[in-house]
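One structure coming up, written as structure tokens, with questions to follow.
Read from first to last, the chains carry the letters A, B and C; within each, the first residue is number 1.
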Amino acid sequence: MTAAGRGHARAASLEFRGVTKRYRDAAGADGAAARGAVNDLSFEVPAGAICVLVGPSGCGKTTSLKMVNRLIEPTAGEILLDGANVMTEDVTALRRRIGYVIQQVGLFPHLTVGRNVAVIPALVGWSEDRQQARTDELLSLVGLDPAQYRSRYPAQLSGGERQRVGVARALAADPPLMLMDEPFAAVDPIVRERLQDEFLRLQRELAKTILFVTHDVDEAIKMGDLIAVMEEGGRLAQFGPPDQVLAHPASDFVARFVGADRGLKRLSLVTIGDLKLEPAPDRPGLPAFRPETSLRDALSVLLVADARGGIALDDAGRPRGFVTVDAIASALAEDRPGRLPA
Amino acid sequence: MDLIAATGAWLADPAHWQGPNGIPIRLFEHVGLSGVSLVLSALVALPLGLWIGHTGRFSWWIVGSANAWRALPSFAVIGLLVPFTTVLDANLGFTLYPTLIAMVVLAGPPILVNAYQGVAGVDRDLVEAARAMGMKERQILAGLEIPIALPVLATGMRSAAVQVIATATLGAEFGFGGLGRLIVLGDANQDNGELFAGVVLVAALALTTLGLFVLLERRLTSPGLSSRTAG
Amino acid sequence: MSSEPLVRWDWLFAHLGPIADRMGQHLYLAGIAVGLGFAISFALAAVSIRRRRLYPFVTLLATAAYTIPSFALFAALVPVTGLTVLTAEIPLVLYTFVLFVPNIVAGFDSVPWDVLDAADGMGFTRGQRWWRVELPLAVPLVVAGLRLASVSTIGLVTVSAILGDSLGGLGYYILDGYHRHFTTEILVGGLLSIALAVFADVAFVLLQRFLTPWAARRTEKARWT
């Protein structure tokens, strides 16, 4: 499942070991209670996985992200990229190896879209032809027609378009790791959902290691292979696959943060196609579900239609089995391992 | 040094404080005319600027030409006015009108442009909210836009005042009186004391005016407004 | 009412050479002052950006210098530096500070924070960030400062005519025409110096537009995602 064989750079593994950040002017005896401080953060992200740092504002998630590319330096602990401490490498070389996408995008206003995407390749000395080819490739990858967008300026783009260019720019040098800080927060919900879906599609193809920060629990569950829930004070409240965090919250805080509807949220992680079902009865007028429908959406349809069950279809549209509310509920009883790459 | 001593001596001499070339008369000419031209200029420029700022009409003209007006060299303006105002001055003992007209003309743009910018710079949402609450246009201008615009207006007045004092000084070269006259006469009489006394007095007047206006600006900025650098 | 016509065209055409020379001198004096003033102001601005606490002092001194009427400043320097180009240049340079420094500082301050953050995060060195990101984006305001200073200096060069016949650029004709009651000469000096100042203003507006192609297109926004 990894893309290593397809000519892309190997994705890197990322590890936080006891990472702490204290600010000198902070309140409290040890200063660790300050806003944005991080406290003894430890977790491992395997190569090719998306790890989402999620938590309330001020919990230190952006600070943690910025310690990976050393925009902020940790007070204690280590961050290991492919096993090597990031502090041992030259900071400029390190940053050029890591893709960085921020909420406001930070596109250079004075450069065209094409030049923006090619910023790092230009900096490290690629030839004009190679830059152009790579730029066109990436613009297509993020869904923007190169011929149309190459010579436009950022001021002429909409929020969603700018965000796509930002992602393309971060991918330009084919980095093994991407850091993304609330990249989709500045656009409206419809655009956001499209960007999320397209990014997941991109990730299926590129299989990069991604550290993603968000304050939105739903986004974390949707995007993450692994979720790191952080609480105020910069502490790690829980780490694990989305389904595990939803099914077994490690503390009251986590339970409250993921929301009282975490059961329903878990249902959105499973689709009709995953269920084992009884044979379908021959009854007219029942709702039908395609295999990619989430259990959450199916449950919603059943409740609204006040039906005892619905017909699950297979990929070809033929009836496969009978979906009842009970069958859906029983899906909650099992633990799902999640989408970790093989 | 010699210069300082000569200047000090000239200023200390009581004879220089009396008569038509005495400091008080010259100061009066300078400040008096500056004040008069500022008022005359403001009478036209201020309402015009406020109106353009509030209604937005003709704003393209201001934005386009504002800097062009700043380009006018005062020396040239005074000089150009001389041949056309000799008729007016025939009755007076000295040349007044070129300098006066130049001062009024040159004070206009800073006052006008800043009045426009001050009012136009008020957040349009605030104005809309005021309108929605039922305030009449004149009330909006007087009660909302002008108070918020005051710091910018004051900076414009300050700019104009500095410009006017400088123009009055220059006017001495074209026959006007004022403190500039001391410089001209000092140069003509090879009297460095007089020349430098003129320089010192002019500089003192200019800097004092600057200081007063800066204080005025500070006073006029409502504590609720964030500090702004304008003009 | 004299029978003299307002404009003596014969005098004008007879003196085209000297007039051109004076115009050249005018631009020369202005050019030195703007160039030197810009260099010094850039240094002052760089210091002010690095040490913000100094900035109010720098602005205060520059404003105070600008407030002192040029006539007085030129006259004051005569006993010290004589009737030379230096006497003319010192005040001209001083007068540019208050126009340059705030605009240069504002120019660098205008670079959006997220652009700087992105540049750092992507691996620009300090130097690369300054050259390739900050400087180009500061250009609009810096050029605005150049525009103000050039126009102002061209105007002030005329006042240097009081320093004698060898200086003053086109201002020479204004003063000489005044002393000789020669209207044509005044018109030549006055109108040409105004024209020169306006021309410089327009030239810098065009330069600014040329240097910032991205600003011109701001109004053409796409409408779909």
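As a working rule, a residue touches a chain if its C-beta (ideal position, glycine included) is under 8 Å from a C-beta of that chain, and two chains touch if they have at least 3 such contacts.
Not measured: the values here are computed from a predicted model.
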item: Of all other chains, the one whose Cα centre sits farthest from chain C; value: A
item: By mean Cα position, the chain sitting nearest the middle; value: C
item: Chain centre separation (chain A, chain C; CA means) in Å; value: 53
item: Gap in Å, rounded to a whole number, between the CA centres of chain B and chain A; value: 62
item: Centre-of-Cα separation between chain C and chain B, whole angstrom; value: 21
item: Of all residues in chain A, those that touch chain C in their complex; value: 66, 69, 71, 92-98, 100, 102-111, 119-120, 123, 152-161, 169-170, 179, 191, 194
item: Complex contact set, residues of chain C against chain A; value: 112, 114-125, 128, 133, 136-137, 212-215, 217-218, 220-225
item: Of chain B, residues touching chain C in the complex; value: 3, 67-68, 70-77, 79-80, 82-83, 162, 165-166, 169-170, 172-174, 180, 183, 187, 192, 195-196, 198-199, 202-203, 206-207, 209-210, 229
item: Residues of chain C defined as touching chain B within the complex; value: 6, 63-64, 66-73, 75-76, 78-79, 102, 147-148, 151-152, 154-156, 158-159, 161-162, 171, 174-175, 177-178, 183, 186-187, 189-191, 193-194, 197-198, 200-201
